[in-house]
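In the two complexes that follow, subunit A is the common piece, with subunit B as its partner first and subunit C second.
Up next is the complex of A and B:
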């Protein structure tokens, strides 16, 4: 049997591909519907080329050899000789599933950067705004500012506009001219122009005026301040604009969810953009025997790349042939993914946006001032020591949101760069999801 | 720093308190660490300052003095590191005979003990399982935030003329005519006639660099951290099997559970011990056993969510006593290591012992049971 964890584009593609030769597949996902973060759990997904999702949903649902386990949260994975045991929580009890092979397709979550007010009600990530809309049909606010960096801002802004929100501002921190650095990516992915034209049409239709080189630098009781930045994200304070808005949706790309692969012991490395990702071979096989990884956890690249990686992982895990056409398709999307990293990097200048009182770790309410003090007064030199002194990263999210930011803030204060070892170590979370002590103890041998 | 009088290797709590004690004795001290402050065992500890788990003997004498020195150190350093005499409650799971016998012996050696019956036990710990009917209260048991403590102590050392260099890995110990002369590190060469090896789990490696021998091995332990909850646990609570585990040299895994609440509202569950070298992997069966034991003590914890778990390595010697004193072969090389799970509690006491020995002054106790010389005969 093959266990696939994650029912987003990569996991769905993996399950579908593996089931083609009749391999038994168990597809585990924490949500109640297929689709993952990207195809937000609605039976009929709307958006660019969303028919792909419906097609895949139908195939996965009709495949006799796929068992779909929904609303199941994996909290740990153990090796038991040659077998892999996945322990998960479902409906208030704990269950396990054992298989010879495992495909991880755990995806990614929005990256947030701290600015004054980023933790206030009304401030959220684009992913959260989209989740409210697609997952629950809730509009986050009547008037919305969408900001940050990366192409994901486009589906979010246009999606909110289509649902009736007034998108009063769409701010991209970088210049679109950065794409000139990667002409090969565009030539290899001409289809992307069609996607751009699709969004450009919607932007015009809803009279949004995208602005470049600007960020949300403050959000305070419904007042947003937009400030120009230079190419390294340093604020040009003289060029600021303040106005009222219900919601600011600000996102800075994505962080892969590395928790489960980390538990299994899969080798990680640091990508060109400083993101920690898993190392996989041409068949998406990780450093661990019989563990494949597909999708964002092997490098942020979007749904198109995730689908291809998932398909390759599924074919490889079920010992099917992988065509060179498929491999070339993945190569083209990888070139595009690299261009995305090159076009929308998160620059160090963000470290000057926060003020002393700005919260850096939301779970434990640790401010920038406290982190500065831990470095200046107590000798913190990395995110681990800063965490031990301030509790930053010890809360409910276990540093998923803040640990990378803390590392980079501390590195800035100590005038060092964050080492790869530190980036990799901070993704170590042996308890992947909270589990009640009673359940945990009841599972004792 | 130009020509320090002494170099302390290791910026955990043992090294930090040694540095402070030597500084207060008038020496110019340089502290070196391969990582940052508190980055080894200190950074993975609960901050236990216990007298309750020690049998009468030299370790208990050291623990009692060290416990008082913690409060003196807090007055000296002036900064809070969450030091608190919260007290320990030890309960008997089955037969309370061995526990009461130990408590009686301990009380003859200066430990304050108070026998608890059904009602006094549940008055102290109202959420304890009703089946527990006998226990002992140890008001001297205390708690601190060890990482903060080490950092605050090193900060004081620096303020008093000492120095701290982090991320400096020792590559060689310079020995001339049977005595230490200095160390070579990844951040330069430093010379001093006194070197304190406070490197915890690496202490054996360091002794080897000086051409000596110290049988210190790492022993893995896990700590579970829950979500913040209502205050359910008021003291350090453990069942009396723990006391027998500490003195065990059985290499198999043993678990016994110490449960306590923290200021941040989380509950810590710890005290498993396993001797398997530096293998950092997580053993979920241990977590399950710890959880089962904790919930058998406090059924109310069944619905509390486990949020995190972390592991650390405790340095231990074959006879489970710390190693404190001058090396058996190399003059001027002093060891303070192998404190196992008691390093936080024993740190300032060990520092006082070593400082007194270096200065040739009388100390609060005879330190010979901790001498590294006890391993000299088994070194080959």
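Up next is the complex of A and C:
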């Protein structure tokens, strides 16, 4: 049997591909519906080329050899001789499943950067605004500012406008001209122009005016401040605009969820954009025997790339042939993904947005001032020591939101750069989801 | 039209559609803040929306630290803000 964890584009493609030769597949996901974050929906999937989702859902649901286990949160994975055991929580009780092979397709979440007021109600990630709308049918607010960097801002802003929200501002921190750095990526992915035209049409229809080189620099009780930035993200204080808005949805690309692969011991590396990802070979096989990884956890690349990686992982895990056409398709999307990383990098200037009182670690309520003090007065020379002094990154989210930011802030204060070892160490977590001790003692273990 | 259900949030009745998350239902009822922080007693609401950040945790029928963005609201649930 093959266990696939994650039912987003990569996991769905992996399960479908593996089932083509009748291989037994268990598809485990924490949500109640197929689709993951990208194809999140209530009744039907909407958005650009959403028919791809419907096709995959139908194939996965009708495949006799795929068992779909929904609303199951995997909290640990262990080896049992040649077998792999996946432990999960479902409806308040613990279960486990064993298989010879494992495919991880755990996806990613929005990367956030701290600015004054980013912890106030009404400030959220674009993914949160999207999840509330697509998953639950509600608008986070009547008026919304969508900001940050990267192409994901477009589906979020246009989706909110289509649902009736007033998108009062759409702010991209970078210049659109940065795409000229990567002409080869555009030439290899001409279809991307169609996607851009699709969103441009919606932006025109809802009379949004996208502005470039601007960021949300403050949010305070419904007042947002938009400030121009230079190419390294330093604020140009004289060019600021303040107005009222219900919600600011700000996102800076994505962080892959590495927890489960980390528990299995899959080798990680640091991507060109400083993101920690898993190292995989041409068949999406990780450093660990019989463990494949597909999608965002092997490098942020979007749904198109995730689908192809998932298909290759599924074919490889079920010992089917992988065509060179499929490998070339993945190569084209990888070139595009790398161009995205070059076009929308998160520049160091963000470290000057926070003030001394600005929260950096949301869980443990650690401010920038406390982190600065741990370096200047307590002698912390690296982020690990600063975290021990301040508790930054030690709260319920286990540093998923702040640990990369804390590492980069401490590096800035100590005038060092963050080492690859530090980036990899700060992305590992001992358990994937909180679990009650009582459940652990419950018979099975 | 989905089935309407009702639960309480800090003692106040909240109506929502079956299948909506606790956070979505409370925010849709007009209350943005889901809890106050332990030290600074600052209001917090939904942030990542997908179960990563734990900022929206509430007490669900006496069980603390439950992510309200992930848990579906069920009829007659008793939800309290964490403190």
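Operating definition for what follows: the second predicted complex is superposed on the first by the 440 of 445 C-alpha atoms of A that agree within 3 Å, B and C clash if a C-alpha of one lies under 4 Å from a C-alpha of the other, contacts with A are read in each partner's own complex, and residues count from 1 in each chain.
Assume a residue touches a chain if its C-beta (ideal position, glycine included) is under 8 Å from a C-beta of that chain, and two chains touch if they have at least 3 such contacts.
Nothing here was measured: the structure is a model prediction, and the numbers come from that model.
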Just subunit B (first), just subunit C (second), both, or neither: which does A:380 touch?
-> first
Does subunit B (first) or subunit C (second) touch A:362, or do both, or does neither?
-> second
Which partner does A:164 reach: the first (subunit B), the second (subunit C), both, or neither?
-> neither
For A:81, decide between first (touching subunit B), second (touching subunit C), both and neither.
-> neither
May I ask you to decide whether A:396 touches subunit B, subunit C, both, or neither, giving the answer as first, second, both or neither?
-> both
Examine A:137 and indicate which partner it touches, taking first as subunit B and second as subunit C; both and neither are also allowed.
-> second
With the two structures laid over each other on chain A, which partner does A:123 touch: subunit B (first), subunit C (second), both, or neither?
-> second
Return first, second, both or neither, reflecting whether A:91 touches subunit B, subunit C, both chains, or no partner chain.
-> neither
In the superposed arrangement, does A:434 touch subunit B (first), subunit C (second), both or neither?
-> both
Where subunit A meets both subunit C and subunit B, residue numbers = 395-396, 434
Of subunit A, residues touching subunit B in the complex | 76, 78, 87, 263, 265, 364, 377-382, 384-385, 388-389, 391, 394-396, 398, 429-431, 434-438, 440-445
Tell me, which parts of subunit A touch subunit C in their complex?
-> 30, 32, 37, 42, 109-110, 112, 119-125, 127-132, 135-138, 140, 257, 362-363, 365, 395-397, 400-401, 434
Would you tell me which residues of subunit C are touching subunit A in their complex?
-> 17, 19-21, 23-25, 27-28, 32-34, 37-40, 42-55, 57, 65, 69-70, 72
In the complex with subunit A, residue positions of subunit B that touch it | 35-39, 43, 147-148, 151-152, 154-155, 164, 166-167, 224-227, 264, 269, 281-282, 284-285, 287-289, 291-296, 301-311
